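Below are two complexes that have chain A in common, paired first with chain B and then with chain C.
And then the complex of A and B:
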């Protein structure tokens, strides 16, 4: 009994070391999402191409969709455009959720959807256009309801409009295989999905 | 030179004016609640900052939402729940008591209890341990006799 007690501090030290070591390899941005297995929050936001058309959660239902949060102001989002375009050519349904940064009225700035449409069209013409359509979230209301912390972020949404996966960071050839697996599971009609 | 210095000082003053947010509250309680909430809510983009402290877009949006909810008269717990539904448990500095966080809550209690137990065991052990003679009423007379014998022996020695 006394001998066993002698090893307790050593065991505690080793356990703490292992715990801290595992922390070195974990992703500090990964803290789960509160919306997994929950339906898309209700929203009604304009289409970037046709601002008079309002997009709602119903427009995303019916097919498995990759909802990608992005913005022209975000360099990583621009860098992933060409890879996402490849994915679109492979048949992945990608919808953009455009993250509008706050405009500072004190500097005389105001939000202009026409100017934005022009800039986005130009960018997508250069880099490739992965998007079926783009939802413009001027006040970041849907972005807030989705628990988005920044851009780029992506959501996998199943046929019934239920959020099945939340991906933080860009999508690239290294991490796509893992996402693709989930995407295909959903497409093949994962029994959990129905 | 002096003119430049004055201009430089003037520049120093302006950011202070611009940074001051003038928020209007209906009551002192609401103001207090807003302060408390923005200190307790954690910015999900930053690694360790509350939303009062951060200027990340998401923290600014969360502050504005907190202000809106507080003005609507929502309680502390309602606002925390609203944020947790969107940003998860990460968003509040107080972790909930549940299966995944049970170690976090129980480890300090276990550590204190096991240390207290060890200290208790040790003090008990040293009382009962043999080898070190302990003076008790039973062996006191025997000890006295032994001491007397030693004194006698010592006082006899110089005579020899």
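And then the complex of A and C:
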């Protein structure tokens, strides 16, 4: 028995190698989000450009939509804007989900949607505007429900408002073709295609 | 032309490393001195050729030779010369070249300095090192050559070095870290040589100890610098993120720390042999595993190099051969080894065994925390992530018994210790530690901060117990002059333990008392944090050699008196189109003031992040003190005593 103990490290290592081997052939960025294949969670949040208009999940139905989580504070998101604008020109329907960072109320700072709207409009005028409209998630509730881990992230949502794909990181010319494939499958209305 | 020269040198180096595997192992097997002696010039030549290759890559970066792919992707003509040099190891290929440079350097050092070892053992050690070398030279030549050309369509200018890496910390962090990782190859070679020969005596442990200490010393400094670099460059004021790659460096460190303690037992008492050998194998295996995790893309991290499954496959295969092979050998050989030494339940042996257990538990925690997401996903259970709270809470609980043991162990004798004689002196020092911890904490107004109290108490306990032990030694040796009789390795232990105490105090205080504020400021605005008033006096446009951006000037006051001036930058690197924070830090022993400049907002106003971090310096100073302890131990005279290998020894070990 004591002799067998000396082989325990070897056995543990061999078991580990199996995992490492299979890990090599799967994409670590491929997050199996809990919401894949589920309808968008219910929400009612203001439109950035017209704060009096409330957007709900129903507004995203009807057409395949790329929901892009972003914020001015996020440099990668800003870098992504020009490519997303190109995609919009190619006819991709992109809706922004604006990630508002927490503000410190104790310091007398408060969330000011007008100032934000001004800043965003200025940025989009400079870099290009890929968005049909922008949803402002001041309390980050929808962002939390979607399981967003950071910005930028994107979700592909089909005609029926069902989340079909979760993309972590920016969208760029390198990874777009893969995403585009899914987008087009959804576009062609094949419900089983993933 | 120069690049091809480098490539050619690497090819020759591969051949030499093959010879280095074959000759000395054959010599040891046959008991022939000739082939073993040949290993020395081969090892030196190997190092020389690798230096030529490394020099060739440095030259290509220096001369902005964008026909070399690696230069074109990682450098730029606007980059200042010192960052062009660090860009040499800024990419996967270049860092592999640095890795083999260091590996061949360690190999050459072993070849030069192991004169006093029995020839048979020398042969085995160099042979094992040669084998490890073969793996890495093959990897670099087949999978990641740094000398690939972009010809015939070479770019006019390069893509620039990742701005995160354009910092002084980056100049020294990877070389030190790699020195540590690769240095464990020597401990590993010692362990395998001992397994091959079946002899693990006190001499063997004494030979292996300085090499292990040296590797551990570099690794400690490397990790410390990495932490410091993250603190300055990432702009979140954090110093440790439990990122997979950081964890990959922490695991060999934890095991290496256990190894230097276990080696002490093997040297002094001739026991713990199976522990020592396993730890030596584990330390290097975890270094290799770290290399695999970083370079294969199995885990995602801010540090990861570009991913490529074929590289991962090669490394995994190498890992299987080296680690699997050595663990198999371990199973085959160790079951025959018996320890003769006897010791009681309350003895230094048992306390050091406790040290091994706690350090290995900590390693296991890091290991599982790092790889659990991978296991989870590969078992088809979906993605999860394991964050800071998991590591922080477990490490906090592990530190408590560990620090208590650490203070106690140096007081306890080998073999057996009576409890009675220790009670009075240790009790006094314990009271001293309590008074110190509570006293320091009472200066802060929140006595409810339990973690800080606990950390302070543990730190003070380790400090007091260590000082007390020295005081006791002084009494035994006849006053303060008697302390000069203590061995250097004893002083090394004292420094190492004091460094650990500083580290624990620093972590506990920073975690508890750090305050931060995200603010929006106009020029002339000021914000108050923890009694300090930060006033934004100016923001202007930056004009660096390869970046633009903005810089903010701040004045800091405390109770109306000016404390310091701070200068924070937000850089925009043109070529890579990326934004980098250069935080402004004003450091004192008791606190850091830290300001990071954020986005420009309408107004014009700026987002700033302001921190006051008490005792954060202690984390790095403690680490430096620990490495200093390693250095002092390393300089102990007994590791440099010359021993002439006699013919009798050589003959004896041939049959082992």
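Assume the second predicted complex is superposed on the first by the 160 of 194 C-alpha atoms of A that agree within 3 Å, B and C clash if a C-alpha of one lies under 4 Å from a C-alpha of the other, contacts with A are read in each partner's own complex, and residues count from 1 in each chain.
Simple rule for what comes next: a residue touches a chain if its C-beta (ideal position, glycine included) is under 8 Å from a C-beta of that chain, and two chains touch if they have at least 3 such contacts.
Everything numeric here is computed off the predicted structure, so don't read it as measured data.
Enquirer: Which partner does A:149 contact after superposing on A: first (chain B), second (chain C), both, neither?
Expert: both
Enquirer: According to the stated criteria, A:140 is in contact with first (chain B), second (chain C), both, or neither; which is it?
Expert: A:140: touches chain B, not chain C.
Enquirer: By the touch definition at the top of the document, which applies to A:22: first (chain B), second (chain C), both, or neither?
Expert: A:22 contacts chain C only, not chain B.
Enquirer: Does chain B (first) or chain C (second) touch A:7, or do both, or does neither?
Expert: After superposing on A, A:7 lies in contact with chain C but is clear of chain B.
Enquirer: Counting residues of chain A in contact, which comes out ahead: chain B or chain C?
Expert: C
Enquirer: Touching A:73, do we find chain B (first), chain C (second), both, or neither?
Expert: Once the two structures are laid over each other on A, A:73 reaches chain C alone.
Enquirer: Looking at chain A, which of its residues have contacts with both chain B and chain C?
Expert: 28, 31-34, 101-102, 149
Enquirer: Over in the complex, which chain B residues touch chain A? Could you list them?
Expert: Interface residues on the chain B side: 18, 44-45, 47, 56-58, 60-62, 65, 84-90, 118.
Enquirer: Touching chain C in the complex: which residues of chain A?
Expert: 2-3, 6-7, 9-10, 13-14, 16-17, 19-26, 28-34, 72-73, 75, 79, 101-104, 107, 109, 115, 118-119, 122, 149
Enquirer: Can you tell me which positions in chain C touch chain A when the two form their complex?
Expert: Residue list for chain C touching chain A: 274, 278, 281-282, 285, 292, 296-300, 309, 312-313, 316, 319-320, 323-324, 327-328, 330-331, 334-335, 371, 374-375, 377-378, 382-383, 385, 517-520, 527, 577-579, 598-599, 601-602, 607.
Enquirer: Give every residue of chain A touching chain B within the complex, in rising order.
Expert: 5, 28, 31-35, 101-102, 106, 140, 144-150
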